Amino acid sequence: MIRRWIEEMASVLAENRACLSELDSPIGDADHGNNMERGFRAVLATLPETEDIGALLKGVAMTLISRVGGAAGPLYGTFFLEAGKPLAGKTELTPEDVVQLFENGVTGIRKRGRSDTGMKTMLDALVPAADALRSTLAEGGDLAAALKAATDAAEAGMKGTIPMLAQRGRASYLGERSVGHQDPGATSSYLIVRALGDAVEGISR
Amino acid sequence: MIRRWIEEMASVLAENRACLSELDSPIGDADHGNNMERGFRAVLATLPETEDIGALLKGVAMTLISRVGGAAGPLYGTFFLEAGKPLAGKTELTPEDVVQLFENGVTGIRKRGRSDTGMKTMLDALVPAADALRSTLAEGGDLAAALKAATDAAEAGMKGTIPMLAQRGRASYLGERSVGHQDPGATSSYLIVRALGDAVEGISR
Amino acid sequence: MKKLIDNADDVTLEQLKGFGLAHDTVEVHFDPNFICLAGGVEGRVAVISGGGSGHEPLHGGYVGMGMLDAACPGQVFTSPTPDQMYEAGKAVNGGKGILQIVKNYTGDVLNFQMAADLLRAEGIEVRNIIIDDDVALQDSLYTAGRRGLGTTVIAEKVCGAASREGYDLDRLAALCRKVNIHGKSMGMALTSCMTPQNGTPSFELGEDEMEIGIGIHGEPGIERMPIKSATEVTSMLARRILEDGAYTRTLSEWDSEKEDWVDVEIQDITFQQGDEVIAIVNSMGGTPISELYTVYAALAEQAEQHGVKIVRRLIGHYITSLEMAGVSITLVKADEEILHFYDAPVNTPALRWGA
Amino acid sequence: MKKLIDNADDVTLEQLKGFGLAHDTVEVHFDPNFICLAGGVEGRVAVISGGGSGHEPLHGGYVGMGMLDAACPGQVFTSPTPDQMYEAGKAVNGGKGILQIVKNYTGDVLNFQMAADLLRAEGIEVRNIIIDDDVALQDSLYTAGRRGLGTTVIAEKVCGAASREGYDLDRLAALCRKVNIHGKSMGMALTSCMTPQNGTPSFELGEDEMEIGIGIHGEPGIERMPIKSATEVTSMLARRILEDGAYTRTLSEWDSEKEDWVDVEIQDITFQQGDEVIAIVNSMGGTPISELYTVYAALAEQAEQHGVKIVRRLIGHYITSLEMAGVSITLVKADEEILHFYDAPVNTPALRWGA
């Protein structure tokens, strides 16, 4: 599932390369799609031949850290590094593991980025997604349902960044002029959440 | 008459500033009109309070030399310097003096510029004008008629530069690509000849 | 796309290769990419900087005797990755620690922090000092803070010289911090620029418009307005710099006792009557050198009106944004210590005197 | 018009004022305009150059210890007038005569000749040496001959140093002539440029076109073609330079016996296997420094293929054409004499080493 997710992320980020960079143009430096595509292309090329989920996620993290650069590199790198830590040695994931994965990842970004929701960043997609995962499972939903809810929450969170005033990253330099634009990092985060849903669905089909 | 000519040149070159620079654009550096306008503006501002034609023409020459720069500055400067030399002390011009004026001026340009007709330069307007002056007078025409003929000859000479391959000045760098464009210096020369005709006509009217 | 490049996807690589061929005072390493002083560093603090490419000569052009020991170039407008600083740090480490001079962009800050963590794990002491001198950004509480602009060049020059004169790591870090709080910059653009990867301008400006308060990554600035004369533009930038208040912000610095990154509150100086300053009039790339002189004349006039004296100046291309037309102005208040190290000999591809 | 200027009708004046304020090693004089070394010239030959403005740092940026004693800037892209060289010559004359280094453009040639005549009338010996190194122009019989490009910079550097080491006027003129016949250049443009006076591009280039064999005045070049990669462009220029024949032309020089300008036939060298050269990779103005390095790498490759070794190089803005994007390449065959004077200390606003 994790390997499938990684492949799905690589393909969806490559498809959306131009669109993500374009979102980064009015409120950033127009490179977010290039950065993510370059990073995940390297991830695919260097993915270790293991079923150890912790090792796979750490591999993703290290490649992103050394290939992406910019703000997104260390932040997504931290996300996968922290996400993978409790999963070292595991080859199967329970739905609770998936919740844990997202929550650890998000905590890592919060700390590294000194940021939180409402600041017009990737956290505005990732945090609602993590919350939706946990609550759907708590309400008795299965993983597929939880991921569907998480994807919807990430999408809503992503769109919710449009009216926000940026408080972190390059977009924050624009002040009021950052309002009215969708955050590129929140957009890639939405794609990453959706990719997990698609990967899981692909497997169960 | 000479003062009237100088004023007429200044006004017609100012009017044609943009057009002369534009002619200088495809086959030069697009400054001929600016150069000539700047030069004759200075000529007007510094014209000595004398009726001595030689002194007036020398004044024009020195101002052009020190204010125009480029190829046209020293060439037109030399034209007026040489043109004025035999006229020192005179306050009236005979028609023969006018012929002499042009022929001396043209000789000066030939020597300074190591150039001759057929090379796509100001000489292609000035030389036919000088020739027409001399022959019209020789055939019994008056000064007005001679200047009319000179103006027509200068205009024809100017247009005759269009098919020429440039062999002097910046345009010569273009080789074959200089063909098909009217020479800016021949154009200002035509205006200068015409200005004398207009000045004389203005006086006799 | 009107660029002299071979391969839009990795211009940094081809340019680095040429840089290595051209300058035999430096060594260029690949994969990970970094430029370092040929000959190495012994018995003194190594000074490293880096950032996205596209700002040349910053930083690679400043590697050499009396300035940087190493520079880490990222992709165009993208901060370098921690493995670059890690390898560069190991290559130039002379046993006395490493000062990393970091421009305040989220990506740079985070990647240099990770690199510091990696180097520290190897037993190498590292200090990261942030340069955040862009007065276009007023607020610090609700933003990523001020960007790093031209003061970076002065910090690299001054710290490189001080390392040669034996400053230890803490003293060098303190000097770097001082240069930062003494330095203020602001920039403007007449045109946008285009990264080779994207091939389209990063923002659109009308034929009669200019953008004030821009950074160096083709980001839009803080205000768009009709083009004004060079003197008016300069007055606007210079007054904003000269009248800037005692900007206060919180920056992450390494605390070697707590062994963690801690928030440190740092306050800028304000310019006072009688101050002496080092000035940079910097082309953003496409603006020709000649135009910088009208700007300099207007800057000198503004400084004089504020009772501030320009005692040294750099006029040219120092910290650019690809082919962007525009200018940035930097003023750094120069005390005796800063001036001493500024005047010290330097021999780098882009800055050279006394050697 | 996207320029940082105050007054389009006399940008040269405002830029010169700023230049004078910025650089205290030079003096700027107005009406007529010239820039000269502060302190004057005693007991050695004075070296003077000049030309239209818009090529900065040429020539004003090269006034200083070990290079030019004076520079005479004309209006933008218009050669200076004789009164400028006359006053500059009188100001820097140190009793040993004056070498005037003149780029081969009709306007420059004629105005410097007139200036030489004026100075000679004051009893000052003057030699005009023409730089005509642009290999884009093949023919000399039916044209104004080759234009002066980057070799001018090397001629100014080398002759400035030789004057300091006591060369007399004739020897210095011979050295300058040697640098000229040892030097070959060629340029290309990705964009046109615009003089402040005209406010429109001097020629139009399509989005995918480039112009090969351009000069430095916004004139069109010898050929227009689709944009190629930096390496292909460089190979084209470099091969044309390296394979150029022994170009022969007639130049006007002053004959002090005949007391008149006489035609002198002069022949270029051709590059040979084993030659050592000084290279310039020059931005035409708008091309950023970073792009020059891919060009340098390709140039080094071409030189090697021809068995020619680049022993010194300048990479940056040296002889520009306002904001034009593009590059020019210069190679000067360096013998021991040329290299000795090239390496000598120099301290000018735009070129500095060893001092």
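Order of writing sets the labels: A, B, C and D. Residues in every chain begin at 1.
Everything that follows uses one rule, which is that a residue touches a chain if its C-beta (ideal position, glycine included) is under 8 Å from a C-beta of that chain, and two chains touch if they have at least 3 such contacts.
Predicted, not measured: the structure shown is a model, and the values here were computed from it.
> Could you tell me the least number of steps, going only between chains that touch, from subunit A to subunit D?
Each step joins two touching chains, and the minimum needed here is 2.
> Taking the mean of the C-alpha atoms as each chain's centre, how many Å separate subunit B from subunit D?
So the centre of subunit B lies 31 Å away from the centre of subunit D.
> I'd like the Å distance between the centres of subunit A and subunit B, where a centre is the mean of that chain's Cα atoms.
About 76 Å, centre to centre.
> Distance from the CA centroid of subunit B to that of subunit C, rounded to the nearest Å?
Between these chains, centre-to-centre, one finds 56 Å.
> Two or more other chains in contact with one residue: find those residues in subunit B.
none
> Going by the contact rule already set, what residues in subunit C reach two or more other chains?
none
> Once the touch criterion is applied, which pairs of chains come out as touching?
Touching chain pairs, listed by label, come out as A-C, B-D, C-D.
> How about subunit C: which of its residues touch subunit D in the complex?
1-6, 11, 14-19, 21-22, 53-54, 56-57, 61, 190-191, 207, 227, 229-231, 233, 285-297, 300, 313, 315-317, 320, 322-323, 325-327, 347, 349-350, 352-355
> What residues of subunit A sit close enough to touch subunit C in their complex?
Touch list, subunit A to subunit C: 21, 25-31, 34-35, 38, 65-75, 77, 112-114, 165-170, 172-175, 177.
> For the complex, which residues does subunit C have touching subunit A?
32, 52, 74-83, 105-107, 110-111, 113-114, 136-137, 139, 142-144, 147, 195, 197-198, 202-203, 215, 217-220, 222, 252
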